[in-house]
Amino acid sequence: MKENKTSKFSAILGKVGLSPISLVAFIVLGLSPLFAGNEYNIRLLLMCVLYGTLAMGFDLSAGYIGVANWGYAALMGLGGYTSALLFERAGMTPWVGMILGGLMATLAGLLIGLLTLRMDGMFAALLAWFVGLILMNAANALTGLTRGALGLQVQPLFDTPWSTPYFYVIFGICVLTFIVLRVIVKSHLGLAFTALGQDMQTARTTGVSPLKYRLINFCISCFIAGLCGGFYAHYIGILTPTLMATKGTIQILVIAYVGGRGSIWGPLLAAFITMPIFESLNSLVELKYIIYGLVLILVMIFMPNGIAGFERPVKAFFKKRLGRKKEAAKE
Amino acid sequence: TVATGCGGGGASAAGAEDDVLKIAVPIPLTGESAKAGKELQDTITMAFEEVDNKVGSYTIELDFVDATSDADKGALALEEGIVKRGDEVVLSSWNSSVAVAMVDVCNKYKVPWYFSSSSSSVINEKVEGKENSYLMSKIWPKSESLAIGYFALLQELIDNGEWDASRVKYAVFADDTDFGRVFGTTVKDSMPAFNGECVFEDYTAINVTDFYTSIAKIKESGADLAFVQLTNPAAGAAFIKQAKESNLPCLQTSDCLTEAANWYELTGDAATGTLVCRSKLVNDRAMEFAKAFEDKYGYTPSATTGGINYDGAKFLIKCIEECEKKYEKVNSETLYQFGKEVLQTGGITFDDSVLVTSYEYSADNGIDPIVDEDHFYFQVIQLDGDKEVVVWPEADREAPMFVPDYAK
Amino acid sequence: MLKLENVDAGYGKLGILWDVSLEVKEGEFVALVGPNGAGKTTTLRAISNIITPTKGKITFDGKEITKLSVQEITKAGLSYITDDGALFSGMTVQQNLKMGAYSIRDKVQIQESYERVLQMFPRLKERLKQNAGTLSGGERKMLAIARGLMSNPKAMLIDEPSLGLAPNIVLQVLETLKQLTVNGVSILLVEQNVNTTLKVTDRAYVLEDGRVVLSGNSAELLASDHIQKAYLGI
Amino acid sequence: MLLETIDVEKRFGGLVAVNKVSLQVKEGEIVGIIGPNGAGKTTFLNCIAGFYAPDSGKVLYQGKDITGFAQEKLCHLGISRTFQNVRGFPKMTALENVMVGCVFGAEKPQGAKERARELLDFAQFPLPEDTIVENLNTIQLKRLELARSLATNCKLLLLDEVAAGLTPAELPDFIELVRRIRDSGVTIICIEHLMRFITGICDRVAVLEFGTKIAEGVPQEVLSNEDVISAYLGKTDVH
Amino acid sequence: MIDLIISAVLKGGMYILISMGLSLVYGVMKIPNFAHGEFYLIGAYCAYVGLSMLGLPGIVVLVLAAVMGFVFGAIIERLTFNPLRKRSKSDWSLNTFLVTAGISFVIQNVAQMIFGAEFLGVEKIWAGSLNIAGINIPMDRMIAFVVAIAVVIFFWAFLKKTRTGNAITAVSENEEGAMLMGVQINSIHTLTFALSSMLAAIAGAALISITPAYPSMGLKPLYAAWFVVILVGLGNLEATIVGAFIVSFIEVFATYYVGAAWADAVSLSVIVVILLIKPTGLFGKRVKV
């Protein structure tokens, strides 16, 4: 009877893309500012949530249709600039601006999708990179609009300098992103994405239009980048084209890969592991990057499937244990 | 609220340890600007070691914060310093965009920030006209104000008849960075006074070292003067050499060049005749500093990275001393008051500088130091063989400027 | 010539072959038949050490080769022609053939084999400059066999050579192989085409579910009840 | 007429791989294409399936010109194909592989899972539905590929050597499966080198040699044609 | 105009050298090498040490850089990709990409630890200049170009004419096939990576008088190489030669006609447009089903 109830509860959760574990994790995360200890920790948590969200969005393309969008940071910047400029030029409230920033990135995603629709993953990744570089170059050169390298001051979202309200905004974005993405990848859309990622030729003959589904995928993924970019702009208060540089994408990519591709939750979790560790190495200066590089190499060699790669063995292990217990109970 | 309850570590913890003053120094120790960061770290360390890290009754602890070149990382790192290690005052900085993000952190914890060396005007825009900004002062003025020497010099040349007043076609070529863009605007604002005609203006990505095409274009444009500003010394040196190869018939400026300690190694004689608007370490005080520095760290400090921040550190030491005298206590709060009441009103000046005549701030001038020949100015240097010759202002002049043959 | 003793092999934790023993003597033409998924290909892969056997011993030409690398086994004179051909798609037919003689250094010998295989497959001669990747299915098969012959092997492992070949070519290929064995090459042939195979080979093994269930003289096996029922559907 | 090709031609450089081939296929038929290796069979099929656009000639489907249509569009029109070297989505389960066809080929997302299960049964896929496709062997893959093709609700199925690699004993089962597919209302064009398959199931066969159609008719007749025997079958029938 | 063309040709020579290695490593090993610029960096530092600190003659320095590039490349391949290949081959390209990103971090920062963030360069390697069609071309650039072309021709002959060269191509086409032909796959992989690094290192050394050595110097050549490789189609070696010149010409003319500020955007847009028309890259191949 009781078992029935819990499984029913899980089923309802499953409908919104959550599992009991992720629900608990989100509740803990939501309450974390209360016992974070100090403002620095809240800020660090906030950055983890932000980059975790970006990594999830990145994973939707990289992990499902097999296109690592190398222009991801540029799209994030595009969202940021859009929102910031809408406020500056048209007085648009940042709340709407952020969403419009997301839509602007979506538009760019549409373009990238159109450009790359028939290409294999590696090619598409590199072409997305080119588009990103073009965007960055434009942000630099359009000084009349973006003030180029000088940097654009951006209106903060809240009056207060404290991070907690910002934390809850990005936390909300993160939870929504997680739920939406989980639902999508479990739906028929997810099926099309995976099929395209595995064998484009077969997918086409089976009726999956690469055009349509790549576009959908890119649009969603880029929307997340743009939205997060908008948030970033209104949080940090300054935008420069360097935000759009390739190294930004690599940072997101590292988190996504360490988390494990094609799981959504892996990249999110990875942000909470990698970023604090990396921050704690700050005092080592160059050595920090050497360690970073070495860790990256070792992770890829020894756990190429990332954190999410442990899902199957762990599940199998618990299944076995549970099965044994049940058997024991029966006897 | 929750936030204030668990934050605010910096300001409130100050009273507990009366005899230690922790200074955060947010500079880029990694990334593209790491070279500058390293030099800042060394000069500032040296400045405080010269007083045994003791100022008044306080022991100074320097907390070098790696601000990298990213706004978010820099702000986070500074926040860590303030919250976790209790830094009570901030000194120096580098990239302007990172500095803008860090201003918010300082305001939040009410930690005053002295002598930021971020030059571009975004940072001025960020704080000027705002009450209660904790960015007290910059050690570098807006870069707009710095190129004055070139134009004064040009006027002089024309007056002496060494330069034909009708040869005023000029080219602007700079990095596509805040520095470069501001430089371009400054030149274009100043040249109309000479009836100058801008025949070429372009900005290039920062890591480019192949300029043959742009040089060809400048050559075709018929420019007499080329105002060049490439921050990356690799690029600056490359431009000079390539201009020489292509026989570019212009008088050139190149602001970055002396920032690379080994510029002559990079360019050889190709740079002869080029003008550089950067102070040189010339006076006795400066030589003393340069020597001590070289002995200690094994490389020559550059005037406008190391030198100016050495001044900043020394000036801060002076401020702390005066602050203790005035308020008996030195912490975030008193240093903030000191900055507002004394520093920003011109109540304290610093003239033991290795670089400029004196640093002084005034209410009209905001957070920038006053720029003129009595206060802050950069000399104009002309490169000649492996020598750097000061040609402006007259007071410091080592030799008169010459117009190189190729530019005649 | 080639001998497997109680070999177990599989992929990762998944075991496929169990206690497989078989032997091919010098100049012998031996068939390995069995239903789909029985482990025939796996046997060949285990012999050439593309997958390492978990148990058992494999000897070739009097030496144990169980622990040798794929390359060393090839150099020892064992040529393996896979079912997909493992062709170099972006290289021309000619380059593919030349690569077949990679382990041979003698230029004259290479030229001889080159001419010999082209004579065997005139079709390839017409296609020398075409990229292997654009060949038709059957042409690819021919190229794979021809390339395998380029190294003048002492023994050959051949996986489903008739797959995708036109009927007239099938026979021709099998006859060519037979001719090779007459000249002293040992061949272990995997085929689905049980009827024809058993007609040309000397001996045969029947593999089912990873175990050898029958073996013996080909002609006798062809007449056996089990083969007639399970493989010929008679 | 379900499908009609009119003078379809495809060249690669100087080589004419398919030379003005015209073929008519009626609804409900099984038409075999045979011919020597390299005769242009696969290329011809590729021209119908939209993988290549023919250099000249037309492909009509249900009277409509479909020459050069994209593959996914042809799939939605009801034309499905299998590949000579079998392919699938390697990291997905068998069920998911078939579901892709149901959802996107037939555009019937509702009840896709149930339908996919039915099709796996129909194609006699021998393993559990949640097997990861990576590790399947040829015959399992072939059954799966058929199920996936059927899932797209195709009216015309193009098979490129599906029976290759089957033992003679496995063949009848497979022939039976193809026949059942036909009986469910699918027209089939198949390329095959196995004469037992051709004679066992085809209503008509066309023979290609050097890209040209040299014969067409009911299997028995065509296979006893002198030209066909000399060009293709050889002296003795091996199968 | 003629000076622009000369400038583009000289630049193109260098781009061949850099992009050839990148293309080779992608073609043979399927590794999208993000650390390629770091081998260029190794070459540049070698040249600096050789010329400035040891006072070696130019040609010796080039050889030294080539050897160092080769050795570093070989060591790195053995330490990273080799074990990775043994452990897992799924998602190979994506995984190795991250490994190369890691390598790039390590080399850059080790260089900074050893040499500091200084700009270390020399004024020139060879004195004098050449006058072609009224244009002064310094010896350094001329020799760099000649070296690039010579190396590429050598390399080309090696790949096409030698047994080992053929083996490299074969491995790129089908590893299992190559293995069955008796090719030592592991050595070929190491060799390939080492050769690729060597080419980049030679470029870095030859250009030391134009680009001094500094830790983040690898980025620009890396980008250029990628542009070339993508333009002509991944792993298509022959075409990189053409592609290198196309990219250098596009860059030079974009800079000339549109300006340096927009140079990247314009040249990238041109490449994107070309790819739109020919999605597999200019010389991309399509494999049969």
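As written, the chain order gives the labels A, B, C, D and E, with residue 1 at the start of each chain.
Here is the rule we go by: a contact is a pair of C-beta atoms (placed from the backbone, for glycine too) under 8 Å apart; a residue touches a chain by one contact, two chains touch by 3 or more.
Since we're looking at a predicted model, the values are computed, not measured.
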{"item": "Common touching chains of chain C and chain B", "value": "E"}
{"item": "Both-way neighbours, i.e. chains that touch chain E and touch chain D", "value": "A, C"}
{"item": "Relative to chain D, chain with the most remote C-alpha centre", "value": "B"}
{"item": "Chain centre separation in whole Å, for chain D relative to chain B (CA means)", "value": "74"}
{"item": "Between chain E and chain A, distance of the C-alpha-averaged centres to the nearest whole Å", "value": "32"}
{"item": "Length of the line joining the C-alpha centres of chain A and chain B, rounded to whole Å", "value": "38"}
{"item": "Gap in Å, rounded to a whole number, between the CA centres of chain D and chain C", "value": "29"}
{"item": "Residue list for chain B, restricted to those that touch at least two other chains", "value": "30, 34, 176, 203, 205"}
{"item": "Shared interface positions of chain C, touching two or more other chains", "value": "134"}
{"item": "Multi-chain contact residues (two or more partners), chain E", "value": "109, 112, 261, 264, 288-289"}
{"item": "Chain A contact footprint on chain B (complex, rising order)", "value": "1-4, 6-9, 29-30, 34, 65-66, 69-72, 75-77, 79-80, 82-84, 96-97, 100-101, 104-105, 107-108, 120-122, 125-126, 175-182, 203, 205"}
{"item": "Chain B - residues contacting chain E, complex", "value": "30-32, 34-35, 37-38, 173, 176, 202-205, 207-210, 212-214, 216-217, 232-234, 237-238, 241-242, 245-247, 260-262, 265-268, 270, 299"}
{"item": "Chain B partner contacts - residues on chain A that touch it in the complex", "value": "33-34, 36-40, 42-44, 47, 137, 140-141, 143, 147-151, 153, 156, 160-165, 232, 236-238, 240, 242-243, 279, 282-283, 285-286, 288-289"}
{"item": "Contact set on chain A toward chain E in their complex", "value": "62, 68, 115, 118-119, 121-123, 126-127, 129-131, 133-134, 137-138, 140-141, 201, 250, 253-254, 257, 261, 286-287, 289-290, 292-297, 299-302, 304-305"}
{"item": "Chain D residues touching chain A - in the complex, by the definition given at the top", "value": "49, 70-72, 75-76, 80-81, 83, 87-92, 96, 99-101, 103-107, 109, 112, 148-149, 151-152"}
